[in-house]
Amino acid sequence: MARHEEELARELRRRGYSRRDVLRIGLQLGLGAASMGMLLAACGSSEQAAEPAAEPAAEPATESIFDINSGNSGSWPKSSVADPGSKVEISVGHTWDAVFFERQLQFDKLFMERHPNIVVKAENTPWGEFRQKYTAAAAGNALPDLLYTQFSWAQETIRSGMYIALDDYIAKEADFNFDDFTKPSLVSYQYDGKLWGIPYDEGPGNLYYNKDIFDAAGEAYPDDTWDLEKLKQVAIKLTSGEGPNKIFGLGELPSPGDSLMAPNYLFPFGAQYLSEPKEDQCLINTPEGVAAMEWWEELRTKGAVPSPADLQNVAWPAFQFGKIAMTLQGSWATPPIAAGSKFNWDIAKWPKGPKAHTTFSAGSAYMITRDSKNPDAAWIYMNEYLSTAGQTYMWASTGRGSPSRLSAWPAYLGSEFAPPGAKNVEEAMSKGIGTHDIIDQPTGPRVTQAAGPIWDLVVAGQKSVKEALDEVFAAVDPIVAENRG
Amino acid sequence: MAITTPTPPKTTKAKLGGMARKEELAFYLFISPWIIGFLLFDAGAILASLAISFTNWSALSTPSFTGGENYTKLINDSLFYKAMGNSLYYGLGSVGLGTIVSFLLALLLNQDVKGMAVFRTIFYLPSVVSGIAVAILWIMILHQDFGLINSFLAFFGIKGPGWLVQPEWAMPSLILMSLWSAGGAMVIYLAGLQSVPIHLYEAAEIDGADTFQKFWNVTVPMMSPVILYNLIVGFIASIQGFVLVYIMTNGGPANATLVYGLYIYRTAFINFQMGYASALAWVLLVVIILITVIQFAVAKYWVYYEGDVKQ
Amino acid sequence: MSTSSGISHQKSLLGLRNRAIAWKVITYFLLITLSVSFVLPFMWMVSTSLKQSQDVFTYPPSFFPNSFEWQNYIKGWNVLPFDTFLNNSLIVTFSNVIGNLISCSLVAYGFARLKGRGRDILFLLLLATLMIPREVTIIPRFLMFSWFGMTNTLWPLVLPAWFGYAFFIFLLRQFFMGIPLDLDNAARIDGANNWQILTQVIIPLSQPALASVAIFAFIGNWSNLLDPLIYLRSTELYTLALGLNLFRGQNFTQFNLLMAVSIITLIPVLLVFFFSQKLFVQGVSLTGMGGR
């Protein structure tokens, strides 16, 4: 054997390789580069260079909880914008969960049957990663033709010039029926006198309650006679038990870290968080504000509210657990509550306060982006997608709830997925209880990020309400000063 | 057996002799894949992020140059110090404890015991199990009212703390959780343990060494290159890590778990302030470089390479 | 005299044997108790995958599903084109594993065995690429791949691995530096060049390290979310990791389906790990502790 192989063999024995191993390696040495073959064999099949895959349009799955033809009213609007003469492709950026995405594909299929020259590519991105993906796309001028936008970042993105204004297109449609949209639904998408997006939903916050807990305590269910004082009393009354068997009366308390909190927790007492609509003053530490927050804190001192961990993370739906008697949730919480609860439940309106009867309302919209190469085709799609027929098909008949058009509500109320108390949701919108005076300016995220941690100390019992609210003012005021321009 | 290091040929500082030049050529040839990749994929992005840190870019529209404004803002930003402090706390805690735990686990798994392959796979499980499953499970275990740990403590009449919801306990809870994904480093230690030559143990035994002495004088020094690797890489990874934190506490309560990576993510993609986020990232880079250089400098005193090629 | 030493000799032999047995018992005890804690999340995943939606979150948390909904697996797999996702993941992952093994070995050899001007600075530069958070480089990288015309293809996911990855290069460099130079010298005297030393001396002796790199490259790419998220737009190109996250909706996460499909995607990873143990174990315990 050559000297280096001798050395190697000795080294291998030194390391405790068996003689069989040494022989094996020696054989391989004779073959030279066989060590690569050894590695490849361990890894398995040979790889192929990656190729861009061919792209057929996605087909809806054959087994779905939605029937493709149910909810199809058939009366689709005919846009005055002409269909393209030859095939064009538009892409739409969505963020649906996997199950609901099937419905989206069903809609697209029916749409493409009505408009053979428009090919629709639906892009679905997980909710948690949506902003990251489309921020990158925006930077690279690679946005899809249509894009989902939530109220909380709508203003910021509108001002950056990412979208095209829709007023001209709307004016072209004789049957657009602008007044059909609930007033709060349009607020976040208007800027500079123009409309930049069309909402598909706008839902109020409602009081979901656990009927079994009420029954066990012999309490009457919430109804239109309730006010916030009654809510508080009942919440305290329904709180019972200790440790693992504890039942909480109310699911959550207000925090300045929540952009939706003002209409439900402050307005009813004549207090405010930020001045609306400009959001250029912080008003939470006024005497009314302090009084209101202290009023709510009594529920915490009486132990009627569970710990804040529940509020933060989607992973832990506390109400579905059956340990909470009442909770304030947006109407979009209906599908998960329906899917996850093993008890009887229903929806009531958020009760009135001494000074006002309000609840938050919020929603999301679709916009046509500036990168779109086929804005006309995109408009045709949007016109149908967000029409009464479209909203009925997508969100009303499927029980997702709270369509932005009043005309789509009957379909929602009549769908098999709607809860018994769904009428309360509709009345909250139609009777003006739901208000969009929530935090939606570009400064919003920084405001709540600054305020939330301060309030955490109140929750932990380490700070008084007055102290915390003064600190919130000090932290938030410089941020909202930007809006005074 | 003495280990001889080849002596480099005598050279002047400016010119290399023929052999040394040939070796240098070989050096560059071998590392050329990385150099090319670096120039193609990394250099541009890294320089771009530096340039962006001098603007107020939101990533949504055109940037405008703002000079060092982001950096002065950073110096006055209390959240910057908080996030840096949290990340250092988390990084040092999880790497420090993690190194010990994964090393011990590797030792445990290196025994010649029946079914060891199964045990090793089980120990490695937490590292590959879906992050959200881990997060949910731990939220359940650590829940103040419903959680397993506090229910267990309640059995003995102890009122358990609010693990993830009390500012003092939140970070220790996360560090504890990170220990449990020790599987990654453990695999590397296992590989390292396999490479320690037996004859050294034999020689030690002949000299009358007991188990502990064999461990301290043979195992640890021979494993020191790998330990250094895990310390450096572990620190770099944990000081940037934030996804689990994001899912579990979102930086709360009261910013107790606002780690630096989360702060950067939030600034870039929730607040649409890519310029400031880039400045934050570059400051982090400098900090990490400093700490890594220190680690390497100290390493000279405790890391032993059998086949070291001195420059 | 001889009997007492004989007895004490026997006693010490017995003592040794008892120590060995006690050691084995302790080892098993530790292994089993720790295994229980490590296997917990996996058990939770399995039991969740078999539950109906409303049973997922209950109090007290139950590890035993009320009913065994095996169809969650089928339903979850079919609700999205996971077959396609699996295919894409396989392409990307295998390419990355092979690419990394080849390129990182080459580069690590250079840093470990060869001298050149600027070696230490380049090494620090190598590490520095790990130290910048990806959140701020992802957009410039995206812009660059856009410019190459490679967005919405698998290329950005596949190409970089063939140019090395700092984590693995560093790891292999540490291992290579633990191999004595005598072997290199001996080979050189026989006329071997660098390539031959790498392939015939270094690599055969680095099986455990290379196996580690292969495993980490496999798992890292199998579960990588950020790159597929940013570069891919067509659902047909999505990888498993991205597809899985689609179960997490804005207001609603279908945990039972998510866990079912997660388990299916986890199996290959575990199999890879389990069967690669052969490359770790040389057949002998080398810690010098406990039995051989």
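Labels for the chains are A, B and C, by order of writing; each one numbers its residues from 1.
Methods note: a residue touches a chain if its C-beta (ideal position, glycine included) is under 8 Å from a C-beta of that chain, and two chains touch if they have at least 3 such contacts.
Because the structure is a prediction, the values reported are computed rather than measured.
Each chain gets a centre from the mean of its Cα atoms; the one farthest from the centre of subunit C is A. Between the chains B-C lie more C-beta contact pairs than between any other two chains. Centre to centre, using the average C-alpha position, subunit B and subunit C are separated by 15 Å. One simple way to say how far apart two chains are is to compare their mean CA positions; for subunit A and subunit C this gives 34 Å. Residue positions of subunit A with contacts to 2 or more other chains are 15-16, 132, 135-136, 139, 244, 315-316, 321, 323.
For subunit B, residues touching at least two other chains, in rising order: 59, 132, 136, 140, 146, 151, 195, 198, 268-269, 274.
Shown for subunit C are the residues in touch with two or more other chains, namely 59-60, 135, 138-139, 143, 180, 182, 205, 211, 248, 282, 284, 286.
Within the complex, the subunit B residues that touch subunit C are 1, 3-6, 8, 16, 20, 23-24, 26-31, 33-38, 40-42, 44-46, 48-49, 52, 59, 105, 107-113, 116-130, 132-134, 136-137, 140, 146, 148, 151, 180, 183-184, 187-188, 190-196, 198, 201, 204-205, 211, 214-215, 218-219, 222, 225-226, 228-229, 232-233, 236, 240, 261, 264-265, 268-269, 274, 277-278, 281-282, 284-285, 288-289, 292-293, 305-309, 311. On the subunit C side of its complex with subunit B, the touching residues are 24, 27-28, 30-31, 34-35, 37-42, 44-45, 48, 59-61, 103, 106-107, 109-117, 119-120, 122, 124-133, 135-141, 143-144, 159-160, 162-164, 167, 169-171, 174-182, 184-185, 194, 205, 208-209, 211-212, 215-216, 219, 223, 244, 248, 255, 258-259, 262, 266, 269-270, 273-274, 277, 280-282, 284-292.
The residues of subunit B lying in touch with subunit A in their complex are 58-61, 132, 135-136, 139-140, 143-146, 151, 154, 162, 164-167, 195, 197-199, 247-255, 258, 266, 268-272, 274.
Residues of subunit C that touch subunit A in their complex: 53-60, 75, 78-81, 84, 88, 91-92, 94-95, 97-98, 101, 135, 138-139, 142-143, 146, 151-155, 157-158, 180, 182-183, 186-190, 192, 196, 199-201, 203-205, 210-211, 214, 225-226, 229-230, 233-237, 242, 245-254, 257, 276, 279, 282-284, 286.
By the touch criterion given at the top, residues 2-4, 6-8, 11-12, 15-18, 21, 25, 28-29, 32-33, 35-36, 39-40, 42-45, 47-56, 58, 61-64, 91, 95-102, 121-129, 132-133, 135-137, 139-140, 142, 144, 244, 314-317, 320-323, 330, 332-333, 335-336, 339-342 of subunit A touch subunit C in their complex.
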